[in-house]
Amino acid sequence: MANFKGHALPGSFFLLFGLWWSVKYPMRQCWKNNLHGRRQKLPLFFTRIDLIEGAIKIFFSFVGIMAEQFVPDGPHAHLYNDGWVKLMNWQHSTMYLFFGISGIADVLCASSLPVPKGLDRMALSLALFVEGFLFYFHVHNRPPLDTHIHSLLLFAVFGGVASTMLEVFILDHPILELTRSSLAILQGTWFYQIGFVLFPLRGPEWNEKDHGNLMFITMCYCWHLAVALLIVGINYSIVFCAMRRRGAGQRDQIEIGLRKSALSDTSTQKALLQDSDEE
Amino acid sequence: MANFKGHALPGSFFLLFGLWWSVKYPMRQCWKNNLHGRRQKLPLFFTRIDLIEGAIKIFFSFVGIMAEQFVPDGPHAHLYNDGWVKLMNWQHSTMYLFFGISGIADVLCASSLPVPKGLDRMALSLALFVEGFLFYFHVHNRPPLDTHIHSLLLFAVFGGVASTMLEVFILDHPILELTRSSLAILQGTWFYQIGFVLFPLRGPEWNEKDHGNLMFITMCYCWHLAVALLIVGINYSIVFCAMRRRGAGQRDQIEIGLRKSALSDTSTQKALLQDSDEE
Amino acid sequence: MANFKGHALPGSFFLLFGLWWSVKYPMRQCWKNNLHGRRQKLPLFFTRIDLIEGAIKIFFSFVGIMAEQFVPDGPHAHLYNDGWVKLMNWQHSTMYLFFGISGIADVLCASSLPVPKGLDRMALSLALFVEGFLFYFHVHNRPPLDTHIHSLLLFAVFGGVASTMLEVFILDHPILELTRSSLAILQGTWFYQIGFVLFPLRGPEWNEKDHGNLMFITMCYCWHLAVALLIVGINYSIVFCAMRRRGAGQRDQIEIGLRKSALSDTSTQKALLQDSDEE
Amino acid sequence: MANFKGHALPGSFFLLFGLWWSVKYPMRQCWKNNLHGRRQKLPLFFTRIDLIEGAIKIFFSFVGIMAEQFVPDGPHAHLYNDGWVKLMNWQHSTMYLFFGISGIADVLCASSLPVPKGLDRMALSLALFVEGFLFYFHVHNRPPLDTHIHSLLLFAVFGGVASTMLEVFILDHPILELTRSSLAILQGTWFYQIGFVLFPLRGPEWNEKDHGNLMFITMCYCWHLAVALLIVGINYSIVFCAMRRRGAGQRDQIEIGLRKSALSDTSTQKALLQDSDEE
């Protein structure tokens, strides 16, 4: 599917998941901070959400595999027929397969089965690794701009592999969760950018060998990253503001989550903060 | 031993060890979860198993070294004779040597001697590193397909080095143990795949320069990985089901190991789970 | 700004921040050691300093972006005009942008908002990464000496990325803080060195292809590192001496921070030190 | 000093330090295990040893720098004289300089000054990094065998950098200490090997382009590693046996350090071991 749609589709999925994570994780962190007062409601609600997230991942992966196999010019589940049949589509199916496995791991972890902690992150990290691994051997023998623009994608992919892998060992670290959200959004918008550059909707084609184009694309990647950070930052603050307003009645508990409160001077708060400062 | 058997042999060893680990570690984890009630039986039984595992490793390594040296076309312990004698066989002997050292470390760790914790993982990590190190300098100047198919093996090898190295510092982490099992199975099946591709039992030889073949092999590697994950997952669930059935009489203790129990609502369980959730 | 000033400017900023950090962190560590007696003053004073540091970063980044855009031969905010306009200046602006984001993160972390811990280090690490990332794709197709001297800079940059990233997970580790200070000073002095080599103020130009020059520059880099370590070491000891003199009145508390006191033999101190030795 | 002696000298130093560490660290670990009964003697004795070790390092580094500068064909402290003067000697001096800095850090850490913990390991890691860094840019444009044999050295050097760096964060980890000892011995013996290969004392010169020679050297490196492990293992067991015999009178305390005691069944020991098993 080497056309604009073929890049917009995975881009949309990553973008949606990134945006969703940039809302889910701040919500969860905010709940945790408020947790000391009301322990009962967290697990069930968030577990259900994780179940649904996993189910959606499995569904989309299944749809993705089917689409790659049975589009009119797809391989229709034929692999070898006097030469390999449509290996590109098979590769994309393989990528979807691993995201499907990641979805299954999500569902298992959200169920009540005795699954080792962190299996969902490990599976996600593996799915991203396979994506990056196949992309890496995918982009040889193409024009410089095409190779470069796909290589840049690998930074987001392998960054995601590393940060998600770390989450296996450092569970629920807020910074890692925000990093994962940002990198997913970055991947999403960058897929769109690849589509726009390689298959311009209108206007002239890009010169694939011009050094200026390469330089601009490199810089443009950083701008996408900045935009991803901005989006995550905005979502984070919206969620925190909304949760704080809702929880205004239980104000006495809400303060515990604050990182610092240098401007307030009551001595009771000081005592509470001591622990977190000494960490 | 550049023939099918020469790849099937190490493949079988890795496959056997991978399968065995994918049974042993879930068993051990399951025992640990049940441990709070019955502490007495774990150490002796599992220590014996580790001893036997180490002894088998030493035995196989010894056999491997002997075989490489004294097969009819082997070097018969001659290293230099107007030029290096059969360096390939010497390299394979060296690899076996380090797996033998790893076996010795296993035996030491399972014995009652004052050995530093994690020595067995360190030695295994080193053995894998030496395997990868020698393979890396091994595959130069060969046809592209041959080089590529051996390079892919290095991903499993160095993945194993990294995950086993981590186990030195994060002892008994369930995810790392499953990763190690999967990568060992992957190595095992991949050795068979190399054998089938480079020395096809029947049918025509593979074209070693066709780009389609390279692309297929890359993708095929991911399928092997998926199969390895599937096998480990099946073994894990069989072991847990079997252990749970056996331990049904001590049901009160078994629940502690569960990761989540969102669907059950008794408040006593809540208290037990608090600790593990806050980790 | 490919001239001497263009290298001296960022060099000065890094040098200033490195020097400042090499004073701030020892001060903070010293205060912490003394903290057991007087908890009240630390947070407010150091939080204010962090606020000011963040504000200065934002200000300088803003000035940097403006300067790059509106110098006489700059792009004046035009990006595309029948070809890319002054991409170098745009790249530098992008670098400043991320240091600005790092400044915003500093301010947020120093404020009383519920920001996840370590966000400031993450943002700084990211800013350094973007700097290194753009530099990496920046230095192709130049004479060997030019490429080499810029590549050496990348060691300091990516070393800084790694050590600052570690600080996200290991908060307030003294060694990491000193490493960061040293690497900032190293970057600062090395920017000056690049300026002196590529745009000599007087005397003949350097031969950009002489192998001896490359070898000397590599070694010279190590000397800069040694000087950076020396500066950090001197600042560290000056700060500790000054703080110790000031705190001489509260002597009973000051000893706690000492790493070892092998030469003193009182048994009360032994008991205090037990904890830190067993760590 | 591109001759046999020029490689035997640093080789001897690394070998000596490696052997010494392989005795010191087991001794220290053994003392720690026995520590619960007799706390008083450890710090002073081992601190003195560390002081002496640091002083010896400083002394040797100073001698090394002087030797490199003032040997008859050395630069005699002249750096530039119508072209760079003897850059090789200057590079070696720089390496010695950083080992000298490492020695100073050892002395500071062993003194009673308030130095941050782990500074000695950080400085050692840095010294090894500088050694590897200069070597890396050192070996270009040489015959294949020469390049390869020096590159192999880099595995030991950067392995040492990584393991020593880890020691900064995981203080006194027995496996890391043994790894450092092994890698130092490996470096030492490999320097000798380089000397024997490039400057054979008698017999014909090695063919520097023969692929068989490259393959043998790669394998030979693994044998050096195996020998280094053997030496460290032997020293470890000798030290533990000797210490155990000495401490036989205080037998009740000695058992605590044992990793496992599956064969003994007394219930008091069980309780003691609980802690270490649950780690």
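In this document, chain identifiers A, B, C and D correspond to the written order of the chains, with residue numbering beginning at 1 in each.
In this text, a residue touches a chain if its C-beta (ideal position, glycine included) is under 8 Å from a C-beta of that chain, and two chains touch if they have at least 3 such contacts.
Molecules present, by chain and UniProt name: A, B, C, D = Transmembrane protein 45B.
Predicted model, so just to flag it, every value in this text is computed and none were measured.
Fewest steps needed to get from chain A to chain D, stepping only to touching chains, is 2.
With centres computed as the average of Cα coordinates, no chain lies farther from chain C than B.
One copy, chain B, sits rotated relative to the other, chain D; on C-alpha atoms the angle is 90 degrees to the nearest 5. Because chain C and chain D share one sequence, their contact can be compared position by position; here under half of the interface residue numbers appear on both sides.
Note: centroid distance chain A to chain C, computed from Cα atoms, is 30 Å. Counting partner chains per residue, chain A shows two or more touched chains at no residue at all. Pairs of chains meeting the touch criterion: A-B, A-C, B-D, C-D. Those residues of chain C lying in contact with chain D across their complex are 29, 33, 155, 170, 173-175, 178-179, 211-216, 218-219, 222-223, 225-226, 229, 240, 257-264, 270, 274, 277, 279. Contacts from chain D toward chain C in the complex involve residues 39, 43-44, 47-48, 83-84, 87, 90-91, 94, 97-98, 101, 109-119, 122, 126, 130, 133-134, 137, 141, 168-169, 171.
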